[in-house]
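So, here come the structures, one by one.
Both complexes below contain subunit A, partnered by subunit B and then by subunit C.
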Partner chain A sequence: MLTTTLIAGLVLGGTYALVAMGLTIQYGIARTMNLAYGETIIAAAFGAYLIHNTLGVSPILGLVLLAPAGFAFSWIVYGLLMRPLVRRSKGGAVLEIDSILATFGLLFVIQGVMLVGFGGNYISYNYMNFGVDIFGATVAANRLLAFVLALVIGGGLYLLLTRTRWGTALRAVSVAPESAPLVGIDADRAARFGFALGGALAACGGVVVSMYQTFTASSGVIFTMKALIVVIMGGVGNLAGALSAGLILGLVETFVASYVSPGLTLAAVYLIFLAILLWRPTGLFGKARR
Partner chain B sequence: MTTVTRRRALRYFGVSVAIAAASFAMPTSAQERTSIRIGYAISKTGPNSGGAGITTLPNYQLWVKDVNDAGGLELPDGSKLPIEVIEYDDRSSAEEVVRAVERLAAQDKVDFILPPWGTGFNLAVAPLFDRFGYPQLAVSAVTDKAPEFVQRWKKSYWLLGGGHDYTNALAGLLSKAAEAGEINKKVAMISVADGFGIDLVTAARPSFQEAGFEIVYDVTYPAGTTDFTPMINEATGSGADSFIAFSYPPETFAITQQAQVAKFNPKVLYLGVGTGFPAYGANNGENAEGIMSLGGIDPNNAENAAYRKRHEEVVGQAPDLWGSVVTYNSLQMLQQAIQRRGLDKEAVADELSNGTFQTVLGEVKLEDNQLRKLWFGGQWQNGQFVAVAPVDREGAAPAILPKPEWK
Partner chain C sequence: MLEVENLAVDYGKHVALHCVSLAMQEGETVVILGANGAGKSTLLKSIAGLVRPREGATVDFSSSNIVGLPAHEVLERGIALVPEGRGIFPDLTVAENLFLGAYARRARKDEAANLAMVLDLFPRLAERRQQTVATMSGGEQQMVAIGRALMSAPKLLMLDEPSLGLAPVLVGELFQSLARIGRSGVSLLIVEQNVRISLSIADRGYLLEAGRIVGHGPADRLADDPAVQHAFLGAAADN
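Our next item is the complex of A and B:
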């Protein structure tokens, strides 16, 4: 029973971490709080649904198409929408407020386009919905995929960011966007790349989420909210933080549902959220900024 | 005020502004009428759009098209006038739906207002319908308080029954199966902690107790829950033969998937809203077989079959198997009441209360402003969601028990 709960919790947490990692990258490197993040996830979910239902191709193969599409889309969005804001604000708190307002508008644009294109109906399809046995616990294969993907992407990007020159440059922009150009880093390009990378991660999350979760054109906000909790809890801009915060949330939800009451899962999540923020106001892995 | 009027006039009448404004100045004079104005506020966006977009809005559109293709709504003198639609999006907000209905009544001065989607929204606008004297044919509203509401709002009609009707029908079906020795007398129950789930589970507890069932697992979960593994595990260990979930569509889909993964195959699997969606049958294929839920249709009813076919052709998607046909039925009732009594709201309301109508449901007559002859329980059998409860109603198919193994 305990192992079953533990594994179910870890897998659920993996799915949370997966959808949160893109947001933490976007906020951490590009310094933009992207409220339209969930809409990018849903757009990718619709893409996966179309690929699966009309072309009959596996959604996993769809990743090959949709992840670059997410990258390209966010690349363009940053160029058109964010760069003028960055130029105008010269970084800092003004940029954060401006980016929140701008992406709030973008949220409705993307949502509106999806509503016109797909209507407001519930969308769901079955893919990889079979059980996999892990230490005696049965886990849905599609959720397991999300968990593995979260670990691979989280771990891989963490290594890239901490062990490579390119990653160091990105982190430099994240820590001190004003000083990075002094050592020859193109801060604008790095921020744009970070934002686009986050978009690609959102697309990956959307494709995997669509395999096991019912969605509508308007359900992006739910994902943004969940991702926001994970990001703030883990420490803004920190991949390892997002991963561990996601896993903690998954474990808390599953343990409370199994041993206390399923009705208290939400309350427990916010309790943990509050407790962690009281203990570490910048999040689990967050460092004091500014 | 004038600009709004003109803009609306231009948009909807498509004739010159002058003529439209003139006809607008005297909206009550029947001789100069060019149309019958029917308005509604519906959730086209926001969290309710999924439900409204399948049960309510397609039927409004289908009905308007059907009527206008046939030359319009017929009046008692035999003349026909086309329907002119005024539609607002309530964005799934209760304040917005109230505002929109008020605008329809006070500003647009429409002839009739069609109700919004959802129990809460129908209750929110009921006082307005009452104040402005519009009949309210509430369909997508399941409430046990309908007899009280009818007293409070004389022109309100409640067409989808109350929670007790559904749970009593289910308890009746389970009792019959238990007496035949097909299932034990234990049920495990989960419900969403939101309007529909609370209503149904509150009704279910006494229904099962009266039928002599023991409720061995009874928990609620917050709306938006995506992982049901813990609850399925608990239910597996509870020893109950019947598993009941009063759930919303995303959860209904999730529970179906996760029960298969966990190889959880109770003898009775009863799920909430969403089970009657055509997509549910399409997605789950053979695995849908034996799953029960609210609603259901009589596959031998030819009128219903014809309606389903036309719905699919016009809207491009099949209607759901619970509220859709009742929604279309309510519009036909309105249409026939107008045909008999004209556009006077008072007379139409009287006709709706006392008249007998020929609709897609067959012959329909309301009892105390409520539709009581309904299917309260259905089961997927051979790709169709067949009505199985109440078991004593004529035309009910026998339920397949136990539910077949997952494929």
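Our next item is the complex of A and C:
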């Protein structure tokens, strides 16, 4: 029972961490808070469902298609919706508030399109739905795969951001956007790239989620909320923080659901969230500045 | 090599620069002297493309007009700026800051040679490559800022108040390094309040007062000029 819960918690936490990394990149690099983030996740989940059920292709191959699609979609959204706001606000708190309002609108547009296309029913598909024995506990293979994918994608992102010049430049923009032009970085272009990269991660998260969870056209909000909690817990713009906070959130949810009551999971999540906000307002790994 | 004409900048109603003109030859070291608020930083920022000047200005660099180009394009043309406050990436390591210094396309070809040159110029940076810049002293951070700018292989290096906040001993070392950079063939345009030491390494100087150029001449003549001594050296000596 304990091992099963632990593994289930890690699987869920891995997904949360993956999903939160995209949001923290969008916020850290592009300085926009994207409330339609969860809708990108669900759209990709529907994409994986279609690819699996109509084409009979593995969702893993779907990733190859859907991650670039998420990138492209977010790239366009930034150009159409965010850039005018960036130009108008000249950065700072105004941009954060404007982006929250604009993406709040976008949330309902995407959700409406998905409701029309797929209806409001819960959807899932059967992929690698057989048990695997790990340390005496039986875990569904699709959950295991979801965890491995989260690790691989998260690890790849980490290498991209720390080992390449392009990734280092994105981190530079997130720590000191005003200094980026001094080394020849086009900060506006970097912001758009960061936003699009976050969209690609959201799409990956959606594919991973769809492999082992049921979802509906209106589930996006839940993922945005959870990602937001993880981002704030881990410290805004902090990848390692998002990773740890995601795992903690997944473990807490699963343990509370198994040992206390499934009805209390959300309450427990918010309790921890509030405790961290009171105890460490800049997040578990955030720095005490600003 | 650099020819600035009719450069005027205003921030809303406040006019920071009135019709400034100046010229530099290749390989020259030129210092711009002026009190706080004279418009020195604005002058460097508008050459670097960080501040947009009023219509009618020309900034000719290596025979092309670069006025109005965004800052990242200006850097590609070969002008690097070390701003006041240094503008480095505090959360990144020394190595990462230098790595990003060579982000520009123009910097890639000679990146290894430029890195060797920077580490030779500032051996301290070689010892501290993996250190986060925010945890370093002011003098070391200034080395990172200058080293990072040199990584972009600039033809013209502009420095805004490089001595600010440094101990007198370090200021001496810093200007020795700058003189070495100047001798290597890089043109230097330095804005300074520390008149004596900046004139000691400069070929020529300009005096900037309330947004206007009010005088210019060879560095040794400016150092002896009673007006300069009265306006700047006197004040510097009092400090």
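What to note about this one:
In the analysis below, the second predicted complex is superposed on the first by the 275 of 290 C-alpha atoms of A that agree within 3 Å, B and C clash if a C-alpha of one lies under 4 Å from a C-alpha of the other, contacts with A are read in each partner's own complex, and residues count from 1 in each chain.
As a convention for this text, contacts are C-beta pairs under 8 Å (C-beta built on N, C-alpha and C of every residue); 3 or more make two chains touch, one makes a residue touch a chain.
Just so you know, these numbers come straight off a predicted model, no measurement behind them.
In the superposed model, B is the one of subunit B and subunit C that contacts more residues of subunit A.
Once the two complexes are overlaid on the shared chain, A:Met33 sits clear of subunit B and of subunit C alike. Of the two partner chains placed around the shared chain by superposition, subunit B is the only one that A:Gly263 touches, whereas subunit C remains out of contact. In the superposition on chain A, contact of A:Leu106 is made with neither subunit B nor subunit C. In the superposition on chain A, A:Ile229 contacts neither subunit B nor subunit C.
Applying the stated contact rule after C-alpha superposition, one finds that A:Ala45 touches neither subunit B nor subunit C. Once chain A of one complex is fitted onto chain A of the other, the partner contacts of A:Gly119 are limited to subunit B, with no touch recorded for subunit C. Partner subunit A is touched in their complex by these residues of subunit C: 48-50, 70-72, 75-76, 80-81, 83, 87-92, 96, 99-105, 107, 148-149, 152. Contact residues of subunit A toward subunit B in the complex are 1, 4-5, 8, 12, 111, 115, 119-122, 124-126, 129-131, 138-141, 212-219, 222, 253-254, 257-258, 261-263, 265-266.
Of all residues in subunit A, those touching subunit C in their complex are 165, 168-169, 171-172, 175-176, 178-187.
Interface residues of subunit B, counted against subunit A in their complex, comprise 43-47, 49-50, 52-54, 92, 190, 193, 219-222, 224-227, 229-231, 233-234, 249-250, 253-254, 257-258, 260-263, 274, 277, 279, 283-284, 317.
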